[in-house]
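Across the two complexes that follow, chain A remains constant while its partner is chain B and subsequently chain C.
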Partner chain A sequence: MNPLLSVRNLFVRFGETLAVDDVSFDLPKGGALGIVGESGSGKSVTCRALMKLLPTTALAKGEINFDGQDILGASEATLNTLRGKRIAMIFQSPASHLDPLMRIGDQVAETLRKHTDLKGRAIHQEVLRLLDVVRIPEPERWAQAYPHQLSGGMKQRAMIAGALACKPDLLLADEPTTALDATVQKSVLDLLVDLRKSQGLSMIFVSHDLGAVARVCEDVIVMRKSRVVETGKTREVIDAPQHEYTQMLIASHPDRLTLHTPQPVPQATPLIEARGMQIRYGGGGLIDILTKRAGGFLAVKGADFTVQPGETLGIVGESGSGKSTMARALVGLVKPAAGEILFEGAPAKPLGRNRAAYLRDVQLVYQHPYEALSPRMRIRDAIAEPLRRHKLCPAQEVPARVADLMAQVDLDPTLGDRLPAQLSGGQCQRVAIARALAMDPRVLIADEVTSALDVTLQAQVMDLLIRLQKERGLTMIFISHDLAVIRRLCNSVIVMRRGEIVEAGPTGQVFDDPAQEYTRTLIDAIPRLEAAHP
Partner chain B sequence: MKILRFIVSRLLQSVPVLLGVSIVTFLLMVNTPGDPIRLLVGVRASDETIAIIRDRYGLDDPILSQYFTYLGNLVQGDLGASLRFKVPVSELVAQFYPVTLFLVVYSIVLILPPVILLSVWSAKRPNGPADQIIRIVGVIGLAMPVFWVGLLFARFFGVTLGLFPVSGFGTTIPEHFLHLFLPSLTTAIWVVPILTRNLRSALLDEMNRDYVTAGMSKGLGAPQVFRTHVFPNSLLPTLNLFAVIVAYLLGGSVIVETVYAVPGMGKLMVDSILARDYFVVQGATLVFALTTIVVMLAVDILSALIDPRINT
Partner chain C sequence: MKLSPMFVCGATLVAVWSLIALAAPLLATHDPYAIDFEALLAPPSADHWFGSDNVGRDTYSRVIYGSRLALYIGLLGVIAPMIIGMTIGLLAGYFGGWVDTIAMRVLDITVPFPFFVLVLSIVAVLGPGIENYFIALALVGWVGYARLARAEAIVLRSSEFVLAARTMGFSHPYILFRHVLPNAMSPVVVYMMTDVTLVILFGAALGFLGMGVSPPAAEWGVMIAEGQIYISSAWWISFFPGLAMVLIGVGFALMGDGLAKMLRIER
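Then we have the complex of A and B:
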């Protein structure tokens, strides 16, 4: 039987850089192939080349044959009869791939208008049916909505609906679940698995997460540095990886990481305590004052928690649950509407007069390392900035302290003269951690520090944090939507949902015997390598 | 409903601005050099006459109560009377304002088509030959002072070729169009390059957005993606700049109207300043400020209609 898609010796070149180096594979009709690799491995470029959706600067060579049609040699006009109609694509961040000014229904309808003869009412009916297929509740209502009114998961569903509109033969999914929460990720993956069965869809699924690929695909190719390093049945690759990179990839998966037993902490005066913390966004506008309402949106509805010295507290929850907001309140980036924060048993005012002294003890590391560092400041200066600004050591000792901090986070001293853009995401995150450590803080708040990183880098950063905690006796608050990461790092955990703490307790207890249905859903949603098709 | 709430809140927000404007114009009059009564009655009036008139006009009242009297008059549309023409300022405004409005709208009509055409053309091939030429011509247009271009045009089109009248407003609508063509063109010459550069860079930004890739992946083709996605998204930043420029055009009418002797608000303003006709200057300032607020409000509402994210 002829394969639906066959790729032979594909090369893609951007100027001097070879982004895809001699990639070949076949996809049978109805099959699903996963492409796994870290960022920059060429997996996304490969995926886009299949639709010839590359920037004009890219030069593609080789052969891509889709159902008898040569893709790379095809004219733009021919390609536009294939794109959307026979080959459809969904993308990593649904938020930026939807036009913010266009109603969801119209964006789904675009494909129908272009490729079918449907008109008016018929299109509307078909759009509603599609939104229903991807399990968007109340399709009638959400078709009228604009993208910013939808949650991340809903946006991704809407994009899938648009991709399915013309019943394509092949769906290209480029990291479709990476930007989503675990529970949402699970539901989107389940949807894709279902659609494969019900619509006979062939699929190429690109992801850095082998667990996600294992759920959807029976075949997988592993890419690294533009080349294919391993191919095979997903199950077999997971059970018996041949290439050392694949072995490392699997060993780094949160599923396979050895459980680290956090050091037990003695019961003492809590180092940080929050009492009845409420945080409100917006509100207080002219109309709100006139109508005597509080207005705005309550992001955290009364949170109480304590952190013992030396403890690592995990805060989990889906996006929008208020976990990051709470972290920002602890360092005074947002002002709580009510409640108080205690540091060493005494009321602390992160926004008050002693702000600088308090912040020396409590430091925050942010989710996106590139955005947290000034793009025009060399990393040596970025790390030295707090030392100089707060005169933490004599000026002549600054270079030595910076070198010491860089050594602590395993950064090569030669990197000091680089700019953030010249570093990898993992290296940038280390710089951000070193900068926070420059203050010699007693509490480190890590806000989703591993979420933007590949699995292998994630594992490295986690190891770094564990080591730093041991060496320096740091107290940590670790915020993540990834339960596997929390389980590995934290003594105790708080589960948040819609601004409220729904469950709290020692990590082991919460994970093994969750009291709340919601916690159980979160735990079940962790992508597991064992989920691979036999 | 949301859009209504938005409009109401914007209207409420303009109340303090209006009050501020009224205070500034009031202080403008209080602090004018010389005694307004002297101006009113002439130099030969006796001190008693002046005292009586001062009393009648309430000029001996506390400054705050003078302000509230002024504010009360404003609300009723009473802007005082011109010292020069001996008619109410509101009558003068009613006579001169439509001319300026005509001029500004006419300029906008001449500005928008080339802006859209040129910026789309530039953005099609950034740094290509067309883009370079448009940029150079644009810089020349920006660099030429308005009054100088005005004089050149008046001389060349008006006197040498005799195509257009070089002064006045005419009496019928077709005549208005003919008379105001050169003033509007002169204005367009410096506004078009500004807006073109702005819209071009907005277009280039939007062309690199992810939703463009998504649109291409649906097989829409580049022209349709440009029409339905890139262009509407690019308009928003330019629209805000456009509002500032329109507000500026109203104030900037002073130069163009003087060069072409157009009987509009700008000319009225200049003549009144030279003749020390303070109440007219004050009234005209107020009208300019009001128009600016209305233009800004209109553009805010227009942006909110285009962009669903604004009013939530």
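Then we have the complex of A and C:
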């Protein structure tokens, strides 16, 4: 039988750089192929080339054959009869691909009107059916909603519904679940698996997450630096990776990392203690004062927790659960509306006049490696800044201290003269950590530090944090939406949901025997390599 | 940083004008104020390269000397508005709250009036002269800078590197000066370049209307005004100062556009 899609020796070139270097694969009818790789590996470009949706600066060579039709040689007119109709595509950020001023139902109807013969009432019926297929509850009601009224997962479903409108043969999914929370990600992946069965859909699934690909696809190709390094059955590739890079990729998957659980050090006074901490955003406006209400939005609704010296506390939760807000309150970026923070048993004042003294002990590292560094400040100066500003060491010793700090976070000393934009994400994150360490803190709060990084870098940064903790006896608060990362790093864990702590306890206990249903759903949603498609 | 060709063109033009202004006594063929009744309204010739005006003053020498006034007005005229605007804009954007509210309401009052109408009415009240033009510019011109600086500061104040500086325990003035200002600078510098052109043009317009530099000064606006009644018979009196103004304006505008490209941080 002829494959539905066959790609032979595909090259895509952007000026001097080769983005796709000799890629070939076949996709049988009804099959699903995963393309896995890190950022810049050429996986998305490959995916876009299949629909010839490349920028004009790109030069594509090779052969792409879709059901007997040559794609690269086809005219725009021919391509437009295929795009949307026989090959549909969904993207990473549904928000930017939905028209904000158009109702969900109308967006789906638009494709139907353009590509099918359906009219009037029939279109409406079909829209409702499609919304039902992608498991949007109460299709009648949600069809009337505008994109901003939908959650991220719902938007992605609506986009899938639009993609399915013309009953395509092939669905191209470019990182469709990357921007979603774990539980939502799981539900969208389940939906894709379901659609393959019920609609007989063929699929190409591009992702950096081998775990997500494993859930949906039986075949996988692994790309690195524009080339295919390994292809095969997903199951076999995961069980017995042949290429060195694939082995590293799998070894870096949070699922495969060895657990690291140092023994907690119970002591009489906890290092940090929060009592009934409430944080409110907004409020205090004229109307709030007149009606004597607090107003605004309660982001954290009364949190109590303690951090023992030397332990690593994990805070997990989905986006909007208030976990980052809580961290920011600990370093005085937001002011709690109620409650108190104790540091070594004494009230901590991260906002007061002497906040510099407190902040020397408690430091925060941010999520986005590029944004956390001043773009016009050289790396060396960025690391030296806290030393100079707070006179942490004599001026003539600053260069030596900076070199020492760079060595501690495994940064090449020659990088000192560069600007942040000239470094990779992982390197920037090391600089940010080095800067925090310059203050010689006792507590390091890491706010989603690994989320923006590729898995291999993620593993490296985690190793670094574990090593630093051992060497310096650091206490850490590690905030993440990624339970696999938390499990690897933390002694105890707090699970947050909608501003409340729903569960807290030692990591092992919470993961193996969660007391709350919500915690269980979170744990089940971790993309696992073991859950690979048979 | 790679030099953009646009910047090189603009900078060359501006550099040439600066040299002309500096070397005016060497370049001029006549005394710009010397009246010569032998050569009234003389057309361009070997003796008077750009011709002469109704009292026989050499247009070429007057255009050369006029570049001194133009650059003086253009460069000095943007300094006060920029400093005032940047300060107000950065403070308003960075701190927000009532500082922002007050600054923005003042700005709202200023914005609806056409820029030149406001400058003109302030000069009219204070009396003609360059000093009063500078005062008017400071009172009105800061608005553009303040808006730009405020927009940048609002984005920067919630950026992670500013938050990181906060969590390092640095003070607000230090963060504003060391982290916010350098990163808010580039659009302001670009705007300043176009503003120089505008200030030169409006300065000349005031001269033309008799409210800026007063005759007989060798100022391009004044020269254009003096030539306007002879425009059909002795076009050179107004034409050459006009051409000079275009060339200096294009120079600054190109420099601004080129700078905008160069100041962008590329990944």
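As a convention for this text, the second predicted complex is superposed on the first by the 493 of 534 C-alpha atoms of A that agree within 3 Å, B and C clash if a C-alpha of one lies under 4 Å from a C-alpha of the other, contacts with A are read in each partner's own complex, and residues count from 1 in each chain.
By our rule, a residue touches a chain if its C-beta (ideal position, glycine included) is under 8 Å from a C-beta of that chain, and two chains touch if they have at least 3 such contacts.
In this text the structure is predicted, and so the values were computed from the model without any measurement.
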Touched partner set for A:Tyr366, first chain B, second chain C, both or neither: second
Contacts of A:Glu340 with chain B and chain C, given as first, second, both or neither: neither
Touching partner for A:Met159 - first (chain B), second (chain C), both, neither: first
Partner chain(s) touched by A:Pro386 [first = chain B, second = chain C, both, neither]: second
Partner chain in contact with A:Asp412 - chain B first, chain C second, else both or neither: neither
First, second, both or neither for A:Ala432, with chain B first and chain C second: second
Touching partner for A:Thr81 - first (chain B), second (chain C), both, neither: first
Intersection of the chain A residues that touch chain B with those that touch chain C: none
Interfacial residue positions of chain A with respect to chain C in the complex: 328, 331-333, 355-360, 363-364, 366-368, 370-377, 385-386, 389-390, 419, 421, 432, 435, 439
Residues of chain C that touch chain A when the two form their complex: 159-161, 163-170, 174, 178-179, 182-183, 265-267
Contacting residues of chain A [partner chain B, same complex]: 51, 53, 76, 79-85, 88-89, 91, 93, 96-102, 110-111, 114-115, 146, 148-149, 159, 162, 285-287, 290
Interface residues, chain B side, partner chain A - complex: 5, 8-9, 12-13, 209-211, 213-222, 224, 228-229, 232-233, 306-309, 312
